[in-house]
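Both complexes below contain chain A, partnered by chain B and then by chain C.
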Partner chain A sequence: MPNILVVEDSPTMRQLISFAMKRIPNSHVIEATDGVDALKKMSSEKVDLILADINMPVMDGLKLVSLVRGNPTYKEIPIIIITTEGAEEDRKRALSIGANSYLPKPIQTQELIRLVNSYLTKQ
Partner chain B sequence: MEKETGYLNKADEFLQMFKKGEEFTKELLKENEKLRYKIAQLEESMERSGDEARTKLYEDRIKLLEDEINSLMERFKQVEEENKDFASKYIEVEEENNNLANLYVASYQLHSTLDFSEVLRIVLEIVINLIGAEKFAILLMDDKTNELVPVASEGMAVSAAPRVKFGQGTIGIVAKEGASYFSDNLSYMKEFNPTTPIVCIPLKIKEHVIGVISIYSLLTQKSGFTNMDYELFNLLAGHAATAIFSSRLYTQSERKLTTIQSFLDILKEKPRR
Partner chain C sequence: MFEHKKIRSVFIDEAMERILEIEKGLLQLEQYPDDEELINTIFRAAHTIKGSSASIGLNELSGFTHGIEEILDLVRLRKLIPGKELISQLLESSDLLKEMVTSLASDMPFDFTKCENSIIRMGDLKNKILLKQFKIIFIPDHHLFRKGLDPADIIAGLRDIGEVTNIKAFTDEVPALSEISPDELYLRWDISIRTDRDLTDIRKVFEFVEEGSDIKIFPVIAPDQGMPLLGQMLVEEGTVKAEDIAEALKVQKRLGEILVEHDKVAETDIKRMVDKQSLKKIELFKNSVSSTIRVDLKKLDHLINIVGEMVIIHSMFQQIIHGNGNLKETPENLDALFSQLQRIGKDIQESAMSLRMLPVGEVFQRFSRLVRELSGNKDKRVELVMAGEETELDKGVLEKITDPLVHLIRNAIDHGMETSGERTAIGKPPYGKIHLIAYQMGDSVYIEIEDDGKGLDREKIIEKAIAKGVIKDSSGLSDDQIYNLIFLPGFSTADEVSDVSGRGVGMDVVRKNIESLNGKVNMHTKPGIGTTISIKLPLTLAIIDGLTVLLGNDAFVIPITSVIESLRPRREDVKTLNEKCEVINVRGEFIPLIRLYEQLDITPLKKDPSEAIVVLVSHENKKRCLLVDDLVGQQQVVIKKLGTAMPKVFDVAGGTILGNGRIALVLDVPGIIENVTLSV
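After this line comes the complex of A and B, so read on.
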């Protein structure tokens, strides 16, 4: 059963992404409101994939990506960034620090489900 | 002498008999030869006719199989077409599902609280995350001044949004007529002008307009509006209006209740003194 961690400060987006992820068979969604909350949840539950926003209070998505990549226990977990920042340099920056994919908002749910499925299948 | 003649006659008879026997045997042999030839001929013709029958059988079988293949090919084509139809219908249903999920989440969030500022935050979230607007403001009707007053914004300061007289300019007309405005040309959105939005959505409770959402620019990755966006605009027009209106009333009544409670507390305390 894949555990998908959704890191998003907006309750609307969090609910929307969780809603979409529940359509992936046997998946279990863990919700976190920012980077710190995400790391806390990761220490207590096994996570197979992370979906994270960039702009969040306390700890943003990019900091979370670099911390996850720097940790030998978590470094292999695929990370998909979902953000309003649609500029090419933002995308390059996120990918260069270790994000696997970059989806600008507003997201197409089918595209997100396909992408998540492709990472889970690889695992 | 007589005896000798008798022997000779008997020998002759015997010879004659033997010759007849020889001739008969020869005839039998000839007849046998003929019969064997006929049998051979018959056998050959039988074999030939068997081959022909078998060939005919095979030909019929081939024809039957060919017909079967053709009908299977035809069915395969039909099934392929049906598959294509199902695939496109599946995509449509998937899209519809996703749209419904978006609408459900938006409406669920809008009605999840009675806190006025939280409702405004949720409206902002929906417009940013689900529609993809970059710069926009929420303006609410002030019945005392007959003006639309900005109460929340994203990508710009609330003070940068204009106060608009009811019925004046694009925003004022949208508020007066209660019909959404969509600019045909989204290219001028780069030049920010607070009085000329690219989209203006009235917030309506039945036919009563309580405010508008005025969008000035979209996120760089957003080039235009989809059907889903129009659905969300419709949802915002109705659900956001009721959520804003009821939360404002609730907040006001809460405030009034606190004031009344304070008065009551003072009144209760007085006789003790």
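After this line comes the complex of A and C, so read on.
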């Protein structure tokens, strides 16, 4: 049963992604509101994939990516970054520090499911 | 379909909260334009609304928010300075955003053409404000011409990178014609330029003439760079003195005054419109109250935690009853379980109540906006200082207290505050201050509105009270008693109806509203120094401490806040005055007796006060003795409404279920005291 960690400060986006993930059989969504919260959740639950927003309070998505990649226990977990449309800079930086892929906002549900599925089946 | 609705309602909650964040942030930004964290917070709020609305297909809303975000981004990058014009525009845009979300919540279509003006103005703001203003003092090398250079080229170079808004050549060093040398340069220039380039780019224009010249370039920071103010430009140029501008601005008139002067419109019409305008502001303000509630996750987790414990107790009881575990049915075990159950029950009750509690800041933060707009209407400058925003109050109480607070704040601005001119004349700072303070003490929450205005006019109140027949004369009344007269019905000291308050809704309505919440309101004033209005509110409406009493075959609950004491009077202490009014002598004080059974139409067990019990209650300094058969005890009860099927029931505030499962009515002590007229 894959655990998907959704790191988003917007409850609307969390809800939207959670509903989309219901279409992935057996998947379970863990919600976190920012980078720090995400790390907290990761220490208590096994996470198979991370979906993270970039612009968040407390700890942003980029910092989270670099911390996850720097930790031997977590470094293999696939990370998909959710970016604002047209934010090329953020996207490049996220990929350069170890995010596996990105998804632009507004999120297209089909695209999201396809992307998540492709990483889950790789494992 | 269900998912779609669910996401939408989450979005509405989120967007509303973010919009409030934006609004609050903008108002703070006006005071602290350099606060980076503040700008980031506002930007992030707009950014989030944009992202989530786009993802759920609200493209127009998202597009509009994008416009707001772009401006905030420029502020964040320091390309824009958050001046008054900019903040006002953003506040207006966030109002529109709020309207969009509100209509989304009520499933009403929103007319997006309403936003067009706002979008255009935001665009203007963006385009103009991208430009920075620089002032250049250019004192060229005297031998510039000899080097084959021409200052005209420099000016042309400046025109290439921006708009040269002002050039002034100084000719004071030009010698007499006979002494002029044609290859010498005697002029110097002051140049103003508006450009999107940096200082280094401007310096580059002067690259070749730098040697031997004196060139000073400095950025000009105006409050709103887009539109330099006329006065400022004149002062900058040295044409007019700053004091003269200030003097001129003082006599500048408002649109309404000018129209009246030119006989285009009657003064009363202007007053009526301004009145309408502020009503509208208040209307807008009221509509922003939502009917959902956001709960701190910690509170919810705590509740679930206790419910978990409850389940454990349940299974322990099961073991005892079925005898299938280690727990045996011993008095000790039962006793221990029972006390645990009691603790958990109390915990659940407290925890469930806390879910309804909201920080007063949710309402307070909207007041800064109100104050800003209401004080803008008049020649008054008022600053709202808030404290204790984190104090929590029941959501129901909080909603009902909003209107009275609006009224009190309006009053403070309208009647309490002097104009800045008046303030300066008496040596007060031109800015008036209204403090809005909330704090909790015991089971009550206090909200205080304190202004540093002129205070109440004691003589005027007495005069008015006598004219209205409220009092006969002022002898024997303390100052506080006199000031609190303004809470009586039909009392308004303002001789004219003004644009902000005094629309006939008097302080008595404020008092009534607050008392319907079991609250109290009090006023202290010091002439010339200011007025403090203190509101005391119960933490919650739903649970009260009650004294359970018996009367006939029924039990009644008297809210403990009204009870002073209970006693059995001696026969000789029960007296009748004028053969009509019964009183009880309580340690020398004669207090009227109300035979509750007559009031409630019940056959009592005891009619003689010296065999029954009297409960001494008070409301607003009026004391009464209520005659009941017996006391049961003090306990917390949950008040429930009697339901809409009942006609208005006097003397009863609601019903409750007692520990023994029976229903008891909760008595409305203020109502009883008001209703029973004493025939003295």
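In the analysis below, the second predicted complex is superposed on the first by the 122 of 123 C-alpha atoms of A that agree within 3 Å, B and C clash if a C-alpha of one lies under 4 Å from a C-alpha of the other, contacts with A are read in each partner's own complex, and residues count from 1 in each chain.
The rule is short, and it goes like this: a residue touches a chain if its C-beta (ideal position, glycine included) is under 8 Å from a C-beta of that chain, and two chains touch if they have at least 3 such contacts.
A quick note: this is a predicted structure, and the numbers were derived from the prediction, not measured.
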Chain C versus chain B on the shared chain A, clash or fit after superposition: clash
Contacts of A:T12 with chain B and chain C, given as first, second, both or neither: both
Which of chain B and chain C A:T84 touches, first, second, both or neither: both
Which superposed partner A:V68 touches (first chain B, second chain C, both, neither): neither
Touched partner set for A:N55, first chain B, second chain C, both or neither: second
Partner chain(s) touched by A:P106 [first = chain B, second = chain C, both, neither]: both
Superposition clash, chain C against chain B - the stretch among 147-155, 399-407 or 669-677 that is involved: 399-407
Residues on chain A lying within both footprints (that of chain B and that of chain C): 10-13, 15-16, 19, 84, 105-106
Chain C contact footprint on chain A (complex, rising order): 9-13, 15-16, 19, 55, 57, 84-85, 105-107
Chain A partner contacts - residues on chain C that touch it in the complex: 3, 6-7, 10-11, 13-15, 41, 44, 47-48, 50-57, 62
Residue ranges of chain B in contact with chain A within the complex: 91, 94-95, 98, 101-102, 104-106, 108-109, 112, 122, 125-126, 128-132, 134, 219-222
Touching residues (chain side chain A, partner chain B) in the complex: 10-13, 15-16, 19-20, 84, 86-87, 104-106, 108-110
